[in-house]
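In what comes next, chain A is part of two complexes: it sits with chain B in the first one and with chain C in the second one.
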Partner chain A sequence: MVRLPQLSIRRTSVPRLPALPQIGPRARRLAISLLALALIVSWPWTLPLPLAIVTDAVHACEYAMVAVSLVLLTGWVGQISLAQGAFVGVGAFVTALVFRKANIPFPASLPIAVAASALVAVLLGIVALRVRGLYLAVATLIFAWMADAFLFSASWLVGAGGSASLPTGTIGKTNTFVSFDLHDVRVFYLVILAGLCLGLFGASNLRDSKTGRAFFAVRGSEMAAVSLGIDVTRYKLLAFGLSGAIAGLAGHLQIVGDGSAVPAQFNFLTSLFYLSIAVVGGLTSLSGAVAAGILFSALNEVFFRVTALNGYIDIVAAMLLLTVLIVYPGGLAASGQTLGRRLQTIASALRSRLSGSAAVEALDGSIVQLSEHGSSRASAPSTVETVVGEQGSLLELIARARPEVEDRLELEPVLEARGIIVRFGGLTAVNDVSLMVRRGEIVGLIGPNGAGKTTLFNAIAGLNEPTAGSVHIFGKDATALPVHARAALGVGRTFQLIQLFPQLSVFDNLLAATHLLNPTGFLQHLVVSERALYEEKAARERVTEIIDRLGLHDVAHRTVSGLPFGVLRIVELARALVTGAPFVMLDEPASGLDDAETQKLADLLLTLRNDLGITFLLIEHDVAMVTSVTDYMYVINRGQLLAEGTPGDIQRNEDVIAAYLGQPAGQVAEEVGA
Partner chain B sequence: MSFFQDAFVNVILALPLVGAYALFALGIVVIYRASRVLNLAHGAIATLPAYVAYSLAPHIGSIPAVVGGVLAGGLLGVAVERFVVRRLRSVSQTAQTVGTVAVFGLIVALMAKIWGTGLLRPVTVVPHAAYHVGHALLFSDGLILIVVAGVATAGFFALFRFTSLGLAMRLAADNRRAAALMGIDPERTTAAAWLIGGLFAGLGGVLLAGASGLHPYILPLQMLPAFVAALIGGLDSAGGALLGSLVVGMAIGIVPSLGSIGHQVGAPQAALTLLAFVIMALRGKRFQASDVRTGLA
Partner chain C sequence: MSGLIDPLLSVNDLDAHYGPIQALRGLTLHVNRGEMVALVGANGAGKSTTLRTVSGMIRPSGGAVMFDGEDIGGLPPQRVVARGLAHLPEGRELFPNMSVEDNLRAGFWVRRHQSSDYAAMRDRVMDHFPILRERAKQAAGTLSGGEQQMLGVARALMCDPKLLVVDELSLGLAPLIVAKLFDILHEINNEGTAVVIVEQFVHMVLQNTDRAYVLAKGHVVLEGRSADLLADPKLIASYLGEGAGHGQRAPTPAGVS
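Moving on, here comes the complex of A and B:
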């Protein structure tokens, strides 16, 4: 967590305990890490274990690698894959193919095999762009079936006789220092371990980056993701490509280690087996994937060794998967976390028993934390100038406060929708509506139920295609632009049915909204470049600012699902603010809020407009709220523009009153009288 | 032989497959409509009845054994819904689908353990015989598959059109909550759907085993094309599933007679995959709103 600078300034005034010498724990951690590394690398030679155990470790690495590829695709991006075995198979058979045809041996064939698997996965991903959920499951199932029946039966790929072979050999010259004899399973263990570590390194770097958050956003709500400027198509294909690459690496190393491969190794049953491993591991956790890989490999060995258990491995594996699904959905990852927490509790209890002073220290620490918390509340900036003064980043994209003008026509247009017509089949939902929002205004769009407000809204945002009409955003023609490109022009939005990313914390939800502000690319995230780190820090600071400003500290690290409705509305507004968009569209922001909450929201909108100069367009049912905050209003009924004007004009407009009450006001009175 | 003669023979030979796929695809569709679950365990639910019939036949004769096997399929379907799919309903659709994957693995592993992994000669209902249809030779096992599938399909549509249970199931599939308000117990209609799905799977499994042999790994995978068939019909249309079965069966019959490309191993599967993907690309939507059931809306 990055703290606000002003917090660190305050902290100096709070009496603090002398800092503990830093060298102790860090040196200890380094030593433990080095020791663990040495052990993981050297145990096949140093420990008196049979070679079969090393073979098991090789299998564990292979399982874990494919499980990691599934964690990325299914766990993070939400794209279920029943064809992972096919990607592995492509990696294996292409390795043999390039050796057979072009005589390219092991280390050189690695990038070719990985690229081939990634390519096949991206091709499947292109289909996946159009389908989701169960249809995607069917698509990948059909793909696995086709790979088994067609691709892996083709003699050009697999080779004559239905089996591909690859002479296992050596890397480098024998009897020189740089020589690896891959016939030795211990040497091969190091190779596949390196492959697994490579996969884990890349995947874990991505998880904590802009790319990873875009993945989670796609899983959480594609509609919200595009509205934050995330190109869903791009990130889905990227996920398929990466997942295919990791699975292909596993297949490549598998055939390098085994020397041969047959199509039956990569059929649909194998894909289901890999999915089982990933699910047992927890599906979203990398360490869970590794643990599950080790577990399944160990089970294999045990059920093979113990005669009484022969033939029960598949039954137990299936039972394990069912148990995890029904009884323990978090999988091994969750049990690992629980165990970790327990161990920590035990360790701290032991420590406090060993030294009585430690408890006092811990208590003091919490007091410091408490007072820090208090001071941060007290020092929360009341106006935006304080934020700007101390941070200087918030307003880079946001214009000055609204200038005082006599006539709104003097203001520069932010949104200009002209002659919008939306037809669904024979129904004309929006018929020739034009509206304009000018810089620094709060514009309201009201109308009875079914008037076409949300349809018009979506046409402006790009979620549906208008039959006719044009949309200009900040003077640029956006009519033909996809949603994410409109977001890049500087449009933020909230949704009538809240579209937050349910599995993420409030903080991470907001962090996902820094997508457009972060110019770094996927490769920089993969290797954690200096630039990527800098941008990451800036993004976190920005989110912290918004959280402070909207008073969301208390819920910042809580998962979104389960928070009260009113808070969710504010979080969604905060997310739109984090994007830095100078123009924010709100779809019924007050629906579901009580009167006090609605009043608070109205005040907040006015403050944001006055202090930050943000322009708002809001759809609202609550006429009182709209008339109290807006500068200008549009009223639509039955898809047509009924009236426009200042709130005062609108309140006096006979047509509007009729539309809301069903008939002219006078007539109502007459009927009541009769 | 000319192309047409060749194709005709292949089409006749593929007819039993069409029958089997129709039985499987109808089961997949009725289950999907009731539970919004893609039952990936369908192949395993189809295969176990064939083994049950195989084991019962020496004791009670082949026709009662086949009936027993098919009933076992129905019970299995109900059990899968009751103990796995229903429990995972509150988690997510993906969890339900993965749950059926686990059931698939469990049933296949149990069958492999109990009956071994060799190819067994399954029960046959009718004496082995062969009939000439033009140049094609149709075996009695295939013929009975066609006949039974036809009768069962007619019964399926009659059930949904003319009985109150069928009406209740259609209502519950369209709107679970509204159906419950109308006094329909959605748990019962869902169980009925899985019962029907299981019975049809069992019927298809027993008969397909008669035509192509009994193996714990091969037979469950032989019904994968039925998923393509169900998909062609849009997953939720019984009529569409029938049409899909016809398309899939015919493709498997005709594609191999299409010159050198068609002769390649797996060419029908490749063609069908392409067809399925094109259908999905045409039908799919671009964006998805987050699931209302997550409780955020």
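Moving on, here comes the complex of A and C:
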């Protein structure tokens, strides 16, 4: 193993999540939280406000809940839904249905209503798996329309007379201490507030977990997500189910509060209204969703109270939406963040003036904090200098240095592709190509333009299915496996056009790659079990080590969009390393890099191979780079294997030279008579 | 031919980006009046990007492009072509549903205010391409690959350019057709139009040009008289890395197991 310079400043150089600012001693924070809670719970009784305001608060909670369901589905997973109103409706009508048919009252009917909405949402999700973007929006729109036209007009669901009713009741014995009279809007406010808190609790727990990162990964790049072992289908359906459940909860509570519901409340215009709330909130932020819920409820009240404004709410809401879309694409959430940052700056300036020193205490870095997600994306040191530089700790991955052998045939095969044929219609893009990558090797696959390199690479990676032939990875037949299952066999990859998750920081991009290493499931993430917490900590430590090793500290907490291209290439390679895959496929890693960056990349590949025993297969246009770094090369031309051998053999192979430069002094040229 | 004091096209320290990716890094080259110049280099070296930046399809992010004594860096393509720089892009980009004649008329667009000259110009261009005259009424998309490439060249010539830049002349064409196209380019060149050709088939293009530039990673790594470059071992090295060259024959592909 090559001895690497040990960094003496390792402790301080470890990238860590920015610590939460210490407001004060624990007791003081607790006191503040309790005070806030008491205020939020008791204001309907203690403040001298009309009951109408409490009703507005109830609406705000309802809007916020549906907006949260959209944040999860659309903001995080990227699945646009114009059918959220239908999910709400299912929750409401099923609540009435189970009361009517089975006499199941309010608290007991909650899980049934929520499950029904979740189920309906998953059904829509199954249809939606096949479509993306605009077509997905249209599909959900059609679903909303069909729910309105067929489901909500069915008397078995809605009840006779086209409206469902639910006698509002009480929980417990009236006038005893633990009784809730839901006729009292103030009491109902507490119920719906609890519902909203439940939704927020679950959603925010998921956001900061493996599940949440899988969501973000699916939105960022499905191709990259599957390459990290994330089962995109599963997570899309999970998101639909969870989103439907939260929306269903909102519908359930809505009918419990109102006592009745009519189908017109849940048509697709309602869905659009909900989507507007989520968009104004910023679409990816939970707190933004809550703020937008409050804003829209307040607007409702104002436009209802002020006679002069009657009838203009739609226009104003539309203007608001347009303004947000054009001027503040981040919605209320982004504006809130900007405001928060300004306040923080002012506060720290004040503090430093008072105490005479910068607020250094605020940074307590020795513990990796599982902090708010938003803060982990906060700005970090901005210098982007040498990325491939000093190596830090000795990372124990698959620490198996490359054995020195006379003959590569003695090495254990990592990848074996046999007789690969890929046909597109009548065109044979790859014709009977076999290649083998052995443990600890760096193998290059080259070929002139249009030779079929990428097609072959994709067949090996699982992105297209070969017409014939087989792919074995670590001795296991992977020919028919989907990409995420191949990833589980120990294959990582990078992409020619970088496929990082643009909304996430470098750190979170790498964290998403710990997916396969983390055995906990979404229920554990929902309630933040001890196991989930432990795995999360382990994942963060792992990412920290890789960041350390590749010298990415300076950019660790910056969002990937806006970073220099050469850095992005390294980040993508780092992400493949985080998965722990002993075999990494690189798709044109040097394209877009300058000479110095290419050289650094080549050095890095050699270091990773020598120190960690990682096996690489790269396809590359830059043949000079490939010859400098590989142990063995395959050349394909016109879909067929033209040559294979060591770089030296390949460089002197007349067939290869001819394939790259054209036939020397051919007959054709003589005819032309240059 | 080379060595004139006032080059027709001079590109100095040119940078170009596709989003975050830098495709040209300080590229410098020139084309003299009446010269025929080749741009070669491996895939992704920046050959096509050079042509696109020169003709205004990509805005340069640094450096200068001087054409016929004027700074054309950053000008939109329709104004560049009006100054006499015609670009035949890779894949020809004909209007497949329009007739041959209409394609040529479209090529005359920047000269449309001199409409009386149209027929004369068309006849002059078609003299190089007798086959197109026969097919004047036929839809461009129904022509054979070689005829389509000829139409591409003809359409580019309709604006009476001082410089014609051709991307991937031989793409998808049989060698004999390519030879014929080179013949025609020589004719055009002999009438005084400078020509720049980007080409995969290095030997062929070097045998048919006066000078050449070898590009790699977005800049020029080798330049000189085409005939000299043909014999230069550095040419092969620029494609296949240091140490490459015609040596002993490597073993033929063996079984992989």
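The working rule: the second predicted complex is superposed on the first by the 587 of 674 C-alpha atoms of A that agree within 3 Å, B and C clash if a C-alpha of one lies under 4 Å from a C-alpha of the other, contacts with A are read in each partner's own complex, and residues count from 1 in each chain.
Keep this in mind: a residue touches a chain if its C-beta (ideal position, glycine included) is under 8 Å from a C-beta of that chain, and two chains touch if they have at least 3 such contacts.
Everything quoted here is computed from the prediction, not taken from an experiment.
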Q. Should A:R418 be classified as contacting the first partner (chain B), the second (chain C), both, or neither?
A. second
(request) May I ask you to decide whether A:A298 touches chain B, chain C, both, or neither, giving the answer as first, second, both or neither? (result) neither
| request: Using the superposition on chain A described above, determine whether A:L568 touches chain B (first), chain C (second), both, or neither. | output: both
Ask   = Touch check for A:A334: first (chain B), second (chain C), both, or neither?
value = neither
>> A:F268 in the overlay: touching chain B, chain C, both, or neither? Say first, second, both or neither.
In response: first
Looking at the overlay, what does A:V187 touch: chain B (first), chain C (second), both, or neither? neither
Field: Which superposed partner A:I40 touches (first chain B, second chain C, both, neither)
entry: neither
Residue overlap on chain A between the chain B interface and the chain C interface 568
So, in the complex, the side of chain A touching chain C is made of residues 416, 418, 434-436, 448-449, 563-565, 568, 588, 591-595, 598, 621-628, 641-645, 647-657, 660-666, 668-669, 671-672, 674
Residue set of chain C touching chain A in the complex reads 20-23, 25, 42-44, 175-176, 178-179, 182-183, 186, 200-204, 207-208, 216-218, 235-257
Residue positions on chain B within touch of chain A in the complex are 32, 36-38, 40, 84, 87-88, 91, 93-95, 97-99, 101-106, 108-110, 112-113, 217, 221, 224-225, 227-228, 230-231, 235, 264-267, 269-270, 272-273, 276-277, 280-281, 283-290, 292, 294-297
Per the touch rule, the chain A residues reaching chain B in their complex are 74, 78, 80, 82, 127, 129-135, 137-139, 141-143, 145-146, 148-151, 153-154, 220-224, 226, 232, 267-269, 272-273, 275-276, 279, 311-312, 314-315, 317-319, 321-322, 325-326, 329, 463, 483, 497-502, 560-561, 568
